Structures are given as C-alpha cells and as structure tokens.
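Read from first to last, the chains carry the letters A, B, C and D; within each, the first residue is number 1.
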Amino acid sequence: MSLALVALALAASVLAILAVAMGYVLGWANRKFHVAVDPHVELLQAALPGANCGGCGYIGCSEYAAALAEGNTTVGLCAPGGGSCAQKLADILGVEVQESCPYRAVVHCSAHTHQRLQRAGYEGERTCVSANLVAGVQGCTYGCLGLGDCARACQYAAARIVDGLSTIDYDRCVGCGACSRTCPRNIITLVPFKAERMMVVACSNQDTAADVRAVCEVGCIGCKACVRVAPELISMDGALPAINYDHYNPEEAEALESVLEKCPRKRYLFVGKPTPEDLAAVEHEELPEAVTADFKTTVDDTEWRG
Amino acid sequence: MDKEGPTALERFINGVLPENPIYRQLLGMCPTLAVTNAMKPAVTMAAATAFVLICSNIMVSLIRRLLKPHLRILVFTLTIATFVTIADRFLAAYVYDMSKQLGPYVPLIIVNCLIISRAEICASKQGLAVATADGIGMSLGFGLGLASIATVRELLGSGTWFGIHVLPAGWPNWGIMALPPGAFVTLGLLLAVVEWGTRRRAATGIWRTVRMLWSWRHSPASSSSS
Amino acid sequence: MKEERNKGGYIGQAWLVILLALLYGGGLAGVQTALSGRIQQNKKAETYEVIPDLVAGADASRTEELAIRGENGKDSRAYKVFSSDGSHIGWVLPAGGSGFADRIDLLIGLDPEVSTITGLYVLDQKETPGLGDNITTAGFRDRFRNAPTSQPLAVVKADPSRDNEIRALSGATISSESVAAIVNNALANCRGPLQGLTAQAGPERQRLVEPAR
Amino acid sequence: METLTGLILIFISAALINNFVLHYFVGICPFLGVSRRVDTAFGMGCAVTFVISISTMLNWMFTSFILRPGAPLPAWVWRTAGGNPQTQLDLSVLSYIIYIFVIASSVQFVEMYVRKFSPPLYKSFGVFLPLITTNCAILFASLEVLKHMQDPANLWSLPQALTLALGGGIGFTLAISLMAGIREELDLCDVPRPLRGAGIALIVAGIMAMAFMGFTGVEKGVETALTSLLR
C-alpha cells in the first residue's frame, strides 16, 4: 500500500486510540477521585451574591457556603446579601432566620484636617499605608490620615474622604469590612446596627488629656464622665471609653441623650442613614449630573491578570 | 444568538485598537518578546498566528453547539494544535530559513493565551460572521503590536528595517536590543507610551474617528444585519 | 441517576473528542505527505548549496550521503563529494557541539586524503549578536582553509606562527575556541573511517552512483 | 561518570544559564500575572515544576516510541504493511497535537488527584492548575526534548529529559519568586502613572534578564571543572 495511505490510517488511529485512552482514564479518575461534595454547597453558593467580600468573616462565598453546609455558622452573616439572601439560605438549610442585625463600618475618628494640630508637610506616596510609616506625619498617632486607602479598598464606593476625614455613606455600606482591613491605623470597626442610627465613640486616641489637647482640638481626653452616667453600657478600654453593643438598647433614648450632654468634647456621635433634617438642610444644593463614561471597552474593568 | 450581541464590524474594530491583544489585553506575551528582534520573523509570526486564529475561530464557532462544558478546553486545544501543525509544516516547506529562525516559537502558538481566550470568549458563543470578524480583527491587532515592537528593536538593534539599512552607517548597533533584556525593556516602555496615549483619550484625533465609527454603528439607518 | 449517566457515558461523553481526533489525525497525515517532499528538499538543499564553497570544484548534484561509524562508536553522516567529471575530490563532514551561548552546527570540507581542511561553513548558531556571531563571516571561516588535520587546531590571539594555529576573533575568544574544539572532535572521531573509505575506494575511478533521491 | 556530568550540565543550563523565562521567553503570562505576592508565586512555581516533570516524562515516552524518525511503532507497522524498507514512515507530524493532548489531560488528572488526596495542598496551589494548561513553559520543555530526539545517533534518555524538566521548573520558580519579591517592594514606590502595572514589571524583568545573562559561558567553565574533578 502507498506510504500516504498507511500514514493517514496510522496517524488517525494513533490519535483516536490516545483520545479513547485519555477519555477512559479521565472518566475513571473523575469517578474514582470523586470528592464527596455536599450538594447543598452548590445550592448555597448559588444563593450567595458571590462578591467574595469577606463580610461574613470567611475568605470567600465558597468558604461561607461550606461552613453553612456543615452547620457551624448562622445564616444572616452575609452583609451584601442582606435579608433576602439570608432568607434564601435559610430555606435551603431548612432553618428559620433568627433576627441578626447587619454590621456596618464606623470610623473612630472625627477630626477634620483643620482640627488636627502638629501636621508635618508630607510629600511622599499618597497612600495611608506609606504615610503611616513616616513618624511625625501628624500630631495624633492614632487618628485618620485621610489619604483614602479605605476609599480605594471599598467595592461599593461607600467610603469617601471628606475634608481629610474618612466618612462612610451608610446607604451604600454593606459591612463587608474591606475598609477596616486596609486601614493601617485600624480605626475602622464593624458595629452591629440595631437601629437606623447608632451612637459611636468617634475617637481612638489613647493618650492622656494634655497630649490629646496638644495634637487635636476635638479628641477625647478620657475624663470618664460618660462611664459615670451609663456604667453598664460604657466601660473604659485603656484611656478610651468603649460601648458594649450587646447592652445597647436603641429604645431608651434618654440614657443615650444624657451621655451626649455629659461629654465635654462631644465625641459621642450618631452615625447612620441621614435623618430627614439632614436631607432638608441640603435640599437647595443641586447635585452634579452623573457623567457616564463615553467609551467603555471590556478591557477597562477587568482586573488585569497578565 | 441574540440580536443585540456584538456585531461583526464592532468586534473587528474592537480587535484592532481598543482591545489590542498586546497593548490592552496583554495576551500572547511569549511570542511578542521572542520573535520581535527583526521585522521579517515578526511579520511571519503574525501571519502564522493570523492563519491559526481565524481558522480556529471558524472551526470552534461551527461546532459550538456540540461542545460539552467540561471538555471545552480540550477541544479548543486540539483544534488549535492541528492548525498550528499545518502552519508549521507550511512554513517549513515554503519559507524554510524563516521557519529555522523562528524555531520553537511557531509550535508555541498553541499555548498562546490570545487564541484560546478568543475561542473561549467569542468563538464558542457567537455566529460564524462575528467569530471570523473577531479573528481577523484580533490578528490584525496582534500583527500591529508585533510590528511596532519589531520596528523599534530592529531599528535600534541593527539600524535596518526589513533588512534594509535605514539608519546612517555611523549608528552604533545596540546589540542589547536583539537580546532578552532589550525585548523586556522595549515592550515595557512601549506599553507605557500606549497607556499614556490612551490616558489623553479625548484630545487625540484617533479616538474621535473610532468614536465616529462607533456612533455610526448605533444609528438605525445603517444597522446592517450581522 | 447522575452517577449512572456518568459511569456508562464517559467514553460516550467524549465522542466529540474522538471524532475530532480521527478527523485531525487524517488531515495532518494528508498535509504531511503533501509537504514532506518539499521539506526534505529544503533540508537537503541547505547542505548541498554550500558544498561547492567547501570543496573547490565540486558538483553538488553528484554528492553521495554515507553513514560512517566514528571512533567513539557513534555513527554520523558524511558526504562524498565528486567533481563534474566524476572523480572523488573530497569529503564534507557535518559536526556539532556546544558553543558559548548554545549549540553550534558546522560543515567541514576536507580533501580526499583527509589531510587538510578545504573549507568551513556554520549551519546554525545562537552566539551573542555583534560579537560571537562573527564566526559566520567569511573572514573567520577562511582562516580554517588549508589547515592540516594531523594535529589538533589551536586558537591564538596573536598572529599564528605554526600552520595549525588559527587567529581568534577579537572579543569572541570562547566562540572561536568552541568552533576549533568542534572541528577537532569531529576530525579525531571520523578521520580514521574516512581515510579507510578513501583507501578502500582505491585508485580506479569511483563508479558513479546515482545520488539518493 | 560521563552521564553524571551531562546531567549536571543540563540541569545548570536549564535552571540558570538558559533560564526558561529570562532566556527563552516562555511562561511570560504567569510570570507577569501571578507574581504579585511571593507565596502565590512560589505556589505557582511548584505547580509548574510538578506538572512539567510529569508531562515531560509522558511526552518522552510518546516521542521515543512513536514520534521520532525511525521510531519502533511506525517502523513495525510499515514492515507489516509490506512497505519497501527504503522509505521510512514517521509520525512526527502528530508531535504537537499529542504533546498538548497529554499536557491538558495530565493537568486535569493531577487536579483531580490533588483535590481528592490532599485538600490543603489543593487549597494552596489548586487554583493555579487550570492556568497551567496555557503555560508555554510546559510545552517548551517537551519541544526541547523532541529537538534532541531527531538524530538517531545521540538520542536523549529519560533521565536527561527529566533533568531538563526539573531544571526548567526550578529555574521558572526561581525567576518568578525573585520577581514577586521585587514587585512587593514596588507597591510602595512612586511609579510614574503610565508605567504602573505591566510596564514597570517588564522593565524590572529586563534588568533581571540582564543579570541572568551574566551566566552565559558559565557552562563551559563548569564542564571543564567537572571533567577534571571526576577524572
């Protein structure tokens, strides 16, 4: 037979045999090495938003789904998913949703640039993590640097730098905790929001009164007035008061109001969704019309992976 | 395929400049660095990649309905490997010295991320016309990228362009340009230049022409069926 | 039920892969038979074009390819070169070895008695551009012409005093030494067998053998 | 003795002198993409070394029995088919398709195996495995082996092919880990706007390639040293 014919037949048959062999081996391996994946996990993962934001304390949605399947975590931890997602998870697992309040980010500093004293002219890299390495960049060694690491880290554009201070937009914040992880000074914590607006300690300076007054016009001087007013709610953590949110009861407003008047530096703030009065205050300002990107390519928003 | 999916013309324009495989998507880096020490090998590689990319896009979009999800990658690789072997044998037969100079980089087109990603993103989902247009556009963009890097490296490296002496004889040839470090640095700087160019997007005229094409495609009068 | 379909079906599932494998295997074999003739031609032509330059007065089309067993037990190819009137006028010996950066492949032209080198050609090299790759220039290759093969070639920086010394390329000493080393190895390995073949062919004119198609 | 020096030479040349990434430009996509942090880079390097060894071993077997000119299988088939012994039937045209087929299947097999038997290992570098099928370094190693199997006189044995694969893999891990270390420092530096991301990574890779170029020519020195040492 001619060389061409035999070559053709041999080539085709070698490839076909290889395909069959590999198909068989892979099929066998697929069955043999089949990892017993709990069917629930896929269903749970489908119900989760899949943002892998870490708000539930697990590395990603798949981790949270696996933990849910094993049943050693509660249903409502998914901050971005919110109530609807919690309900879906509960249906899959057949448990009822216990009421768990959403966690939101809170910045424990409220001094704007003009209120911070002894600020050095910092010309380095415009990121908090770099500025934090420089010793005398700012009088207060605890407070917010205002260079926007948290704003960059937030997937939901909830954290913004307003006049040098990181402020959280509670309409957008889902409590994923990305900002609290990136802040080099660790002054952003996640607080369980039992009500629309919660009272928080808006300072994290642990120094004595004299040092605080030297570096900040509004910092908490640790005078313990608040602890005397509401001992079971507030306790001193070093030189700084800390609210115990388990005992925090949003209904009994008068106790909270009394703490507010007693505090000489007014460092107890109510943070949360804007109240009707706030909205009325900004009624007359017209909003900048949203500029839509004129020429978008699929490449622009893909995270570059080389 | 749903009607408002990308039309053939849009995929073609996208492939050449806005989503240029080398400068914007950073795909197919291995051949880009390896063969661009002179124009002739770069153009040959671009032609070979074009042939493989277009044929594999056509083939994949033909059999896209039969594909099983978990065997998808295996089928793509087999198809691409076949067309690469055909291209390699064709080069060895008709352009032997170029095939010797390109050496192992012609078979390496098989694992060129550009071709597999186009097969995955576009060809296995779109119709024949869109897939072919995308193939042509992407290979044109890839060729453009290769040619630009090869021009810089050959001019600085040996003062020639396609072998013709362009720079004056007094030009000291930068031997480094033909060597690996030259390749890395040239590509890095060119990426920076393109990045800087696209940043000043509104000003440069080129984007106005592309936007005009883009708006022309949107207007109903001209929406030809893809 | 998922288990069932999977067990019986994993070859069934892969029917598309097998079908494509058959199709592509056939296609490639077809392409191979169509183009292999031309590729063989190119490979052979690459060596045959150079033979007239290596052995003066050679007629490339009459060259005959032989397989000889070298002293180190490894057999390699050798080309018996005939002039246009059919008389045996020399040998061409392919040789290869490690150069400065990567492998270097050479063709060495020798006279029938394998006593002097009549020419040298560099087939393939990846030496440093601008320095090492000057070994392909005629200037360097001609330095090997008429060098004796009795004792190994030595590479010297200054002007060669004895006839088996070759002047090195400025700035590419290691490349020059590598080329000389490759030539020495090839000659030491194949000089005996080649001389044997010439002697065995003997004085009468070598009958002309149709060169391998 | 001679084969030992040969193996050491192949290893050193694949790992340092002709480094897969910095000399032959293969495996650049993961080299630029995954080298953000040293631990992920090292994980990627180990995954590549592991897969490159397995696939090169399998591909060596296919090459030596089917693909090389004058391989036993086509010769036997050609004899039984009664073809004249003058011409030779060789299947080298199938080499690319068989190599990539073996690589894709072995990556899938390794992924299933690692997922079943060592979940922690799978958690650390399992995510890289699908990325490896489109990695040029794996195929390049098999192509190098094929290049050395063309001349029936001096064929490469399995140890030699395996050493090349291991050397290449370790060279790749070395280059990608060095790159990751440098790029972690780069995050705190003030890189000009257009150079951010790929631009600066390539320039740093260029400087690293220049450093690795210092190794060319070391092979001859090592060769002479080893031969004199072992004599």
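In this text, a contact is a pair of C-beta atoms (placed from the backbone, for glycine too) under 8 Å apart; a residue touches a chain by one contact, two chains touch by 3 or more.
A quick note: this is a predicted structure, and the numbers were derived from the prediction, not measured.
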*Along the shortest chain of touching chains, how many steps lie between subunit A and subunit D?*
1
_Of the chains shown, whose Cα centre falls closest to the middle of all protein Cα atoms?_
D
*asked:* Out of every possible chain pairing, which has the most C-beta contacts?
replied: B-D
*Based on the averaged CA atom positions, which chain is farthest from subunit D?*
A
*When the centre of a chain is set as the mean of its C-alpha atoms, what distance in Å lies between subunit B and subunit D?*
25
*Using mean C-alpha positions as chain centres, tell me how far subunit C is from subunit D in Å, no decimals.*
27
*asked:* Counting only Cα atoms for the centres, state how far subunit A is from subunit C in Å.
replied: 68
*Rounded Å distance, subunit A centre to subunit B centre (Cα mean)*: 41
*Send over the residues of subunit A in touch with two or more other chains.*
3, 7, 10-11, 14-15, 18-19, 26, 30, 304, 306
*Which residue numbers or ranges of subunit B touch two or more of the other chains?*
26, 29, 74, 78, 81-82, 85, 89, 179
*Would you pick out the residues of subunit C that each touch at least 2 other chains?*
13-14, 17, 20-21, 24-25, 28-29, 31-32, 128
*Where on subunit B is subunit C touching in the complex?*
63, 66-68, 71, 74-75, 78-79, 81-82, 85-86, 89-90, 92-94, 96, 100, 157-158, 173, 175, 178-179
*asked:* List the residues on subunit C that touch subunit A in their complex, please.
replied: 6-7, 10-11, 13-14, 17-18, 20-22, 24-26, 28-30, 32-33
*Using the touch rule from the top, collect the residues of subunit A that touch subunit C in their complex.*
3-4, 7-16, 18-20, 23-24, 26-28, 30-31
*Can you list the subunit D residues touching subunit B in their complex?*
22-29, 32, 93-94, 96-97, 100-101, 104-105, 130, 133-136, 138-140, 143-144, 147, 192-195, 198-203, 205-207, 209-210, 213
*Residues of subunit D touching subunit C in their complex?*
18, 93-94, 97, 153-154, 216-217, 219-220, 223
